[in-house]
Amino acid sequence: MAQQALLIALFPLVAFVIQALFGKKLPRHGDFVSVLAIFGSFAVATPIFMKLLTQGHVFDTFEVSWMTLPGIEASGRLNSSVNLVVGVLINNITAIMLFMVTLCASLIHLFSVGYMHGEERYHLFFAYISLFSAGMLGLVLSDNLLTFFMCWELMGLCSYLLIGFYYKKPSAINASIKAFMTTRVGDTMFFLGIAGLYYVYGTSNFMAIYKAIQAGVAHDITIAGFPALTLIGFLVMMGTVGKSAQFPLQVWLPDAMEGPTPVSALIHAATMVAAGVFLLIRMFPLLEASHVVLPVVAYVGAITAFLAACIAIVQVDIKKVLAYSTISQLGYMVMGVGVGAFAPGFMHLITHACFKACLFLCSGSVIHSVHTQDMREMGGLKSKMPITFATMFIATLAISGVPGFSGFVSKDRILGGALAYSMEHHGHYLIPLLGFATAGITAFYMFRMIYMTFFGHARDEHKHHHAHEQPLTMTIPLMILAGLSFAIVFAGPTGIESVDHVMPVKWFDQALEGAQQEMGIAEHLSPEAEAVHHQAHGLALMLSLAVAGLGILISSITYLKHLINAEAIKKMVGPLYTLLWNKYYFDELYLGVLIQKGLLNFNRMLAMFDDKVVDRIFVDGWRDVTMVIKSFIGKFDDIVVDRVMVDGTADVTAGGGWIVRQFQTGKVQQYLVLTVMVIIVALFYANLGLK
Amino acid sequence: MFPILSVMTYIPLLGMIAILAAPRNNPNLVRWISVVATAVPLALGIYLYMSFDRTTPAMQFVEQFDWIKPFNIQYYMGIDGLSVPMVLLTLLLSFLCVIASWGIEDGVKGYYAMFLFLETGMMGVFCALDFFLFFLFWEIMLLPMYFLIGIWGGKEKVYAAIKFFLYTLFGSVLMLLVMVGMYYYSEPHTFNLLQLAQGHQFVGKTVALFGYQLPVDKLFWIGLFIGFAIKVPIWPFHTWLPWAHVEAPTAVSVILAGVLLKMGTYGILRMNYPILPEATLWASNFMMILGVINILYGAFCAMAQKDLKKLVAYSSVSHMGYVILGMASFTTAGVNGAVLQMFNHGTSTAMLFLLVGVIYDRVHHRWIVKPDGSKGFGGIASVVPVYTGIMAIGLFASLGLPGLSGFISEALVFLGAFSNPKFQTYVVIGSLGILLGAAYLLWMFMRVFLGPLNEEHKDLEDINWREILTLAPLCVLVIVLGVYPMPVLNLMGSTIAKLLTLFS
Amino acid sequence: MLGETLHNIKLLAPEVCLTLFLCLLFVVDGILPKMRTNRFSMITTVVGCLAALVLTCKVGQTPEAYFGGMVVNDGLTKFFRYFFYFTAAVSCYLAFGSNEIEKQSRMEFSLLLLCTTIGMGIMATASNLLVLYMGIEMVSIISFVMAGFKRDNLRSNEASFKYLVFGGVASGLMIYGFSLMYGLTGSLNYPQIAAYLTSTQGNLGLVFWLALVLIYGGLAYKISAFPMHFWAPDVYEGAPTPVATFFSVGPKAAGFAAFIRIFLTVFSVKTAEGNWQMINGISLAHVIAIISALTMLVGNLSAIGQTNVKRILAFSSIAHVGYMLMGLVTLDRSGLTAIIFYLIAYCAMNLGAFWVVSVVSNIRGREDLDAFRGLGWSMPVLGTCMAVFIFSLTGIPMFSGFIGKFLIFGSVIKSGGFLWLALLGVLNSVVSLYYYVKILKSMWLDKPESQESLSLSFYHAVGLVGLAIPTIVLGLYFTPILEFAERTLSNIL
Amino acid sequence: MNHLIQFSSSLQGYLAVGAILFALGIFCVMTRKNAIGILLGIELILNAAGINFVAFSKFRTGLIDGQIVALFIMLIAAAEAAVALAVILRFYRLKQTIDADEASIMRN
């Protein structure tokens, strides 16, 4: 079964090659090649998912040795001292991820056929998207961190190419380089983490690492002074921080909105950014083993969630709002994993992928019809675009955590886990606090977006007049994605008996249970811990409902009924608003101080140093030194020193040559004087030598 | 049996003689002679690759007979895992460069004669196993390089040529002293590199210098290291590189970056490591520091460059830093990664230089940002799409993007170096190089290819078939080795394993 | 008695043969004035030299002193005789191709050249202070005349005047040194002097050192070593190029012959396994090392700033004397083999380099670097030969110059004590590249102003290529020369 | 200095004369402006050597080879003088002066 799974990643790869080489010449510029390829992958992924649903457990691996470097034993026989083995791992998590990724990707491919119609480099767009899908699926399938990292960076490349798709716009190029460089910061640390793993365990295969951690191998090894597991855990976390745009490396995601909207949907909502969280899930046993890293992960997640949510409030660009909401939701997932709620975190990843993809595609269809991204120029589109409105509204309900929708199920569990974590450890109350606050703010700004775009009167008549519903190819994906946002799809025990028995399908929890067994972390809680959890989940349910309702209420008052004047609040809040508007000045900090003033000046100075000083002083010129001497010794030397200056050590030798040549005065008698003087000196030494 | 190595080395020499004899006013005949003179050794090289035995670390295709009996100097040629990749790289790049320099008009005979003479020198260096023969080929290469840079170079060609010649000669005269020293301090006086490596002959001895009794093996190690470090180039000795690369014609700077830089590291692995293992261990920390400096220094300087070729030159300094990092780690993965990086850097930098040459032939300037601050190039991706595509491949290969060859060797170097507990802090600092590498290459890609079109270059015509022919094999190599590196990696495995037994 | 003199004359056959050719020239000069201006005199000189070469092969190999110990015939003499006659033949061939020697004074030139060659022969075979003085003076006085051969040229006259004054004083010092040595040891023959010096068991007085310094002064003038090198650049630049060519190789080698002869037979004694060991009390190794270092430095450093190619080559010949003296530091077999090989290599490459300068001065009338501009492209054969000679002079492998330096550094490093000297020598050869390549830069790297393609006459081409080929061949395969040097050294008296 | 003592007393005188002549010769060569003056200096040096040889031949060895050398020295001095005068004559014809410092066209 694992061999067929390889096909999932190979189809889009083949599509990329075909598209890149012959895209332009194919009919319809070859968009059908990519779409067929991704649907093919979906077709292969579904039976695996079905097998998981029916049997509740699926496991298969397939390995091939990629690089073997021989070493010589004492006996002189060649053994393979370094053997990099790579392959495919299919377990419950992979099956779910495969299904979700291929589903979202297929729908987004379909959507972009309509959205990108008429674009100048149409065929290249599909080439890049296929390459990206191949990278993402490769990442999901790979059973070791090396190929994981390779696909990870391949996706980084595709996001660079796709963000910079409209390369005529300077802002797009800057955004693409910013994205690539920021993620690369995270990737470099992640790679060091992998190197650490090879150092500690000699392999980066997940299964091998799980077994080694269970066996308690290598708890005492230190790398460069730090305990090994903590350092590796931290480095792996930094990989996620880079890729999933967590604090402090979150600056690139909002700018990544420069790319076409399907790209934002596929890459910057559903899959790539989720890969960071997927990494945490894959490496959860390692993080858990190091005890120090998990709380850090939780705090990073919580802080990112809260900060991003606040910024989203003030955004006017529809895609920017969604971008910040993505960062915020990712913060949720990271917080979930951080507090040990590993299963809800993964669940939120899946649910978020669906409804966030739907939200982005809806915003895409809105932008496609009104040709602007600024919400202040929209309004009253409800009547004009009924299907887009309906699907977008469902997705908004899901993300705001309204019960009955998938978002509620996963977010509630995460908040429950966070609460349980803080109650258990009698500390860290900041994490659940930030969690609930973010939940409220999320509801607030999502409904603000809905009201500003669809409700109220049209602010710009010309655009309103043009608004029209999108063709079927674009609306069908919206409907399917909206459908997935309903809770029954993922229903699982919500802790409330009455609600639970209504939800017939518990497949998700069974799958996660099986996965935890494999990872060796199925913690069997002690009775009182069980009670604390139960109590926490009940409390969390109440709190999240209250907070979500509050958010929606405030949002409707200000933006639907206009009872509170948003402008007045803005003035009253004043400096806080500008702080939020400038995204806490992170951009200025990174780009301005760190890059412009710090790095580039340093380079310019170093290059000048290399060219002028090292090249000149050590090698080419003693000019400055001779200048200093000149100023002291005065006129006579001025004549001698000036004529000596030629070029560097060459100066010195040439200078030496010049001095020696001055003895060659041309007058033969002076030669004789010199010769006789040398002979007298020689005699003096001979005499001295004799004594 | 058929002396394949000598034949491969001397066919270009025959080609040179044929060219000198060819009539003056027929440049095409000269070009075709040189194509044949490089194609035949390439074909033999492919046969060599096929029939090379990957399992034994011993020397293969050995040719050994007495040359100068009184000094026990032998004509001793042979290749093993270390030299095969370099030999193949030399043959391939020479063949491609001969095609790439089709556009040379003035002094065609002189140019191709010098070029073929250079190839003989390079082949000799990689195949020679007798120190005297090695030194002979090592210095012979300087002559054609001086004339190639000096006559067909850019504006400051004369200064660059003499600087290159003086620098490398300084290095190689130190090597001459070490060679003679090793001859007289080895028990049965010999120049044979394999015999010199037997029995740690130089460990105890000392020599008097300025009144002190200095240990002989450390002095030899330092002398050889300086000679080879100038070639690599390693940090304090690198200032000739930007000059020589910028002023040399395209094909020559490809060979300079593709092959000549590797001779330094190849020399260290061929001589310093096996003959003076104790001294190498003694100096491993020192080499690691220099490697890290090379990486960061090259990257930082590259960031501030405004000339395309100088940027690629400094990037070579940075990439060679990885090789030194890998070599100094004494781990299987590290050293294998280093030798693979020598091969991969050869292909990816050759691509970059060829591409810079393509744009230079059309526009006759290489300014990313003109000295007066105005834009050199801008947004030419829309005008020359195919060229941009190939440049992207070359760029991302040298960037170390997974899926292309640069990543594999960088990964091996870092995995290897990291698994040696002594050097972990160095590796962490060195990994900054990966980050900076991405920065300056992407900055260049953005400034030259993306953004609004610079009107000056509206009518730039795209890459033609001849240029594609030179770049295609390199693209294929870069991609194939990125996916499955074993075809090149298994060549060197057994030799490096045997080499490392000295250090375990 | 008669039989013995006959035997002695048979041993002196080459010199005798040359004298006969000299007389022939005198007679022809008197009888057939027409022969003065054509190539007859060159042909006779060359034939004379070849005949002498053949006779030297015939002369017996067994080392013996004859004419009462005043003259000795052994391996050293045989080698240097080959050397002188070859140099004389080539210089004469070169001179007749250059327009600096007018047609009417061709006869005189050949006469002077033959005479100098005989003088050099005597210097090499002398094992008696008087005979040595005769030989040196014979060569010097004729060289004064040859230096000033271009009568109406101011620079040539100035060259001969300087050479005259400096040479006169130097040989004066030398003969005064000889007188003191004669006074101290009571004999003129080297063996007796050596016997006396060994008998003093090391407590040699100040007089001996004074004599030694003065004798060194005289000999250093001949090979233009450190304190006595001042005359060389001016004389080489002023003298006509063929004469300068001859000066840089012939008399210099003769000086070396005398230097080695005195060193080996007077100041040291032959040890068992064929090396030489200083007489106790005289440890000159460090003195020679310092002299060689200073000579190298003076030669190389002064040459850097020069623009006149002849002057560059003059300084380079001083530098090469410095390299050769390094061989004498250890006085063992490898050192002397190195000197012999270096002399052979130096002869070929230096003759070639000067020959190119002579051809250029034929065409362009002047010898500064601008005259060489673009000559590589207009005369490829000349350019390539010059490249071969220049790279060989610098010591780049594949050329004989490198092998010379390789052997010299080898002998120095082998002795172990003088690593600093080897380092200095190596750095000097890097510095030497700087000014040598300036010549190639102007020949090849600079484009010629006018595109006129000059043709190199066959007369010169034969000579140049004839010298370039051995420079390359010796660079690649030099075993026969080593064996020849071995034979030479094995039978020194 | 003990070697000199064993010679008979009168040798001292000759050697002293020789040495003085030698010193004068060198001094004369170095200081005289006039080219002919320089030649005189050279002749003085050669004669000093001649005196030494004759003195040693009489007192030290008693053989006549010292005197033969003196003869040869005179011979060579004559030859040298002839050539020198010819060169100086040509020098005068070209530069109308025989000041030694004039001969310095070719320098460093």
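Letters A, B, C and D mark the chains in the order given here, with residues in each chain numbered from 1 onward.
Definition applied: a residue touches a chain if its C-beta (ideal position, glycine included) is under 8 Å from a C-beta of that chain, and two chains touch if they have at least 3 such contacts.
These numbers were taken from a predicted model, which means no experiment stands behind them.
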When each step joins two chains that touch, the fewest steps from chain C to chain D total 1
Using mean Cα positions, find the chain sitting nearest the overall protein centre. B
I'd like the Å distance between the centres of chain A and chain C, where a centre is the mean of that chain's Cα atoms. 78
Between chain D and chain B, distance of the C-alpha-averaged centres to the nearest whole Å: 66
So, in whole Å, the Cα centroid of chain B is separated from that of chain C by 44
Take the average of all CA coordinates in chain A, do the same for chain B, and state the distance between these two points in whole angstrom. 36
Could you list the positions in chain A whose residues touch two or more of the other chains? 661, 664, 666, 668-669, 672
Scan chain D for residues touching two or more other chains and write them down. 26, 29, 38, 100, 103-108
When you draw the chains as points and link the ones that touch, which shape shows up: line, ring, star, complete, or other? other
Okay, what are all the chain pairs that touch? A-B, A-C, A-D, B-C, C-D
So in the complex, the part of chain A that touches chain C is made up of which residues? 650, 653-654, 656-658, 660-661, 663-664, 666, 668-669, 671-672, 674-675, 678-679, 682-683, 686-687, 690
Please output the residues of chain C touching chain D within their complex, sorted ascending. 129-130, 133-134, 137, 141, 144-145, 148, 151-152, 154-155, 157-162, 164-165, 168-169, 172-173, 175-176, 178-180, 182-184, 186-188, 205-207, 233-234, 237-238, 302, 305, 311
Considering only the defined contacts, which chain A positions touch chain D in the complex? 661-662, 664-669, 672-673, 676
Over in the complex, which chain D residues touch chain C? Could you list them? 1-4, 15, 18, 22, 25-26, 29, 35, 38-39, 41-42, 45-46, 48-49, 52-53, 55-56, 60-61, 65-66, 68-69, 72-73, 76, 79-80, 83-84, 86-88, 90-91, 94-95, 100, 103-108
What part of chain D is in contact with chain A in the complex they form? 26, 29-31, 38, 100-101, 103-108
